[in-house]
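For clarity, chains are labelled A, B and C in written order, and residue numbers in each chain start from 1.
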Amino acid sequence: MSVVSIEDVHKSFGALEVLKGVSLSVERGQVVAIIGRSGSGKSTLLRCVNGLEPFQSGRIEVAGHVVDQDPERLRMLRKDVGIVFQSYNLFPHLTVGKNIMLSPRVTQKVSAAEALERAKEVLAQVGLLEKFDAYPDALSGGQQQRVAIARSLAMQPQVMLFDEVTSALDPELTGEVLLVMEQLARKGMTMMLVTHEMNFARGVANETVFMHEGKVWEHGPSAKLFSSPETAELRNFIKVNIK
Amino acid sequence: MGIELHFGPVLAERDILLRGIWLTVMLSASAIILGSALAILLVATRSLGSKFFQTMVDCYVELLRNTPFLVQLFIIFFGLPTLGLRLSGVEAALLAMVLNLAAYATEIMRAGVEATHRSQLEAGASLAMTPLQVFRHVVLIPALAKVWPALSSQFVLMFLASSIVSFISVEELSGAAAIIEQQTFRSFETYIVVTIIYLILALALKAMLSWFGRLVFPKVSGIVYRQVGAGA
Amino acid sequence: MIVAFGWNELLFIITSAGWTLLLTAIAFISGGLAGGIFALVRLSRLKILRRIAAVYIAVIQSIPVLMVLFLSYFGLYAAGLELPPLIAASLSLGIYVSAYLAEIWRGSIEAVPFQQWEASESLAMTRGQQYRYVILPQAARISLPPTVGFLVQLVKNTSIVSVVGFIDLTRAGQLVNNATFDPFPVFGAVAAIYFLICFPLSRLSRRFERILNVGRIH
């Protein structure tokens, strides 16, 4: 049984069709990397999975939830599906600790004591326990992104989505974030990541999906996909993106 | 052409002046607190409610912002008794000030709320929060921090506008001035003294609001916000 | 004897609205002229002049309009001048207007990007020419939304001039109410007339602001 099942999804922004019949499935514990040029629809696809973008036709089911635009069902879904954004989107007026504790307390009715425990645990997991009382603006980009990951983890999700989470970071800061993601993968978290980090995709993701012009152009086990690409578009993409 | 000014008789009426100062300060402080609370309620309603509620709030705001405070005061003080609700001068004054300030504050706060970056809303929604929870925990405080300068200015304006309640014989500072003027016949001196008192109180209020802003909203950095300011 | 609120009373209210508009116009024009001068003084290269203007503006902005009204009225009276209510009210409001418009216009001039000053100076213009041909035209556009917005404030603030004996729209309402004891229709009509004057101006101000924001580079 797939944890994430995407069936023939079509999505348009107005007159522009961005997803032209995408089908994909992710098993529990699998790590799937989605690569492709800008405009290929990869981020849009990811955002459809947790309902941030509505889609016109097709079907998406994640962790037992069917994705539609019903607000209550979306909220239920988002307790099981975490997302980390490119621009981290931490809440600037709350400390790191409060950022992490907010949603469990407010949406999952977790007690203050337990929320505190969870927050410390996930913060330690990403290696930033000492920053518990700091404000986001005192942290580097890499640190903020790790806090963002911890914030999603505190919800104890079944699936984690990563939307180009290292693209906004200075090169020397991407390493610490990728390390955290790799550790998560090894612990068995089901992950879908849109990324430009080809080496990460090849090394950590079980399966890689190459998207082109709104369709799944090629997909398969990462090692094979990168070493023997079948289509010209993927060959070109690899040539341009892997130095 | 010499103007002889005698401040003695005016300052002899210290008691009336002090009572007037007290009432002005009480009315203004209460109006600021209650008006702000009402404004937060209205902004929340406008952000989270249906189109109907949005329109209702907008109508309220436009109505109160495009009519004089004095006329609103008269409607409350003279009009409500005909409906069976007889308010004292002070009660009517407070009600009018609260309703008036709430209208302006709602408009100012709305600008702050609408300047919230979409990414913050997405982050909140993605953490399974309801719109109300997002408003309360993610949007409100940064919005208030953004518009605190404009809000402070509006508070000071309401403090100055409190002088108008003297029109319905409330004995706050301006009302006290009217009484003292009648008793001493020293009109110019009376109003010079009262004006200086208003000036000192206004400067004190500005300082307090500025200090309060630094105390409560120190940490709203990280995302660059558009400059939001008060409307007309 | 209680009179019914009829057409005569309504007519009285409407004509008083005309006086309110006249008062607004005189105050705005006289205050505008003075305000423009104060704005430029506020930006003068002489520190002492800047200080004087700054104090004037700060004081007027920190006291109730009612006090400005009383002070100028009783001040003139003490100086031996007893002016007709219309002039007294206009001059007093003019003082209030001059301070606020000075501040708005100074802000507008300062909002013109400094590169404009540099460019015009590099073209060998005198300070006066810079103001006339480069800075003020741009400042004028920037100042439109807040100036129109302030005009709305002015119309509303004319409601207090009855204290110097002038019969404006609000005073007319009071008088009619005293005769008819029918506060809701009377003050309702008064409020409606103010609304009809102010609301379009408010909308205009917002429209100017939208147009301005589209044209400017943020």
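One rule holds for everything that comes next: a residue touches a chain if its C-beta (ideal position, glycine included) is under 8 Å from a C-beta of that chain, and two chains touch if they have at least 3 such contacts.
None of the values given here were measured: they were computed from a predicted structure.
Common neighbours of chain A and chain B, by the contact definition above: there are none. The most centrally placed chain, judged by C-alpha centroids, is B. The chain with its CA mean position farthest from that of chain A is C. If you average the Cα atoms of chain A and of chain B, the two centres end up 46 Å apart.
Note on chain placement: the centre of chain B and the centre of chain C lie 20 Å apart, centres being C-alpha means. The mean-CA centres of chain A and chain C are about 56 angstrom from one another, to the nearest whole unit.
Within the complex, the chain B residues that touch chain C are 1, 3, 5, 62-63, 65-72, 74-75, 78-79, 82, 156, 160-164, 166-167, 174, 177, 187-188, 191-192, 194-195, 198-199, 202-203, 206, 226, 231-232. Within the complex formed with chain B, the chain C residues making contact are 59, 62-67, 70-71, 74-75, 77-80, 146, 148-150, 152-153, 155-157, 159-160, 170, 173-174, 177, 182-184, 187-188, 190-191, 194-195, 198-199, 201-202, 205-206, 218.
Contact residues of chain B toward chain A in the complex are 119-120, 122-123, 125-130, 133, 137-138, 141-142, 145, 217, 219-223. Chain A meets chain B in the complex at residues 50, 52, 71, 74-76, 78-79, 82-83, 85, 87, 89-93, 102-103, 106-108, 135-137, 151-152, 155.
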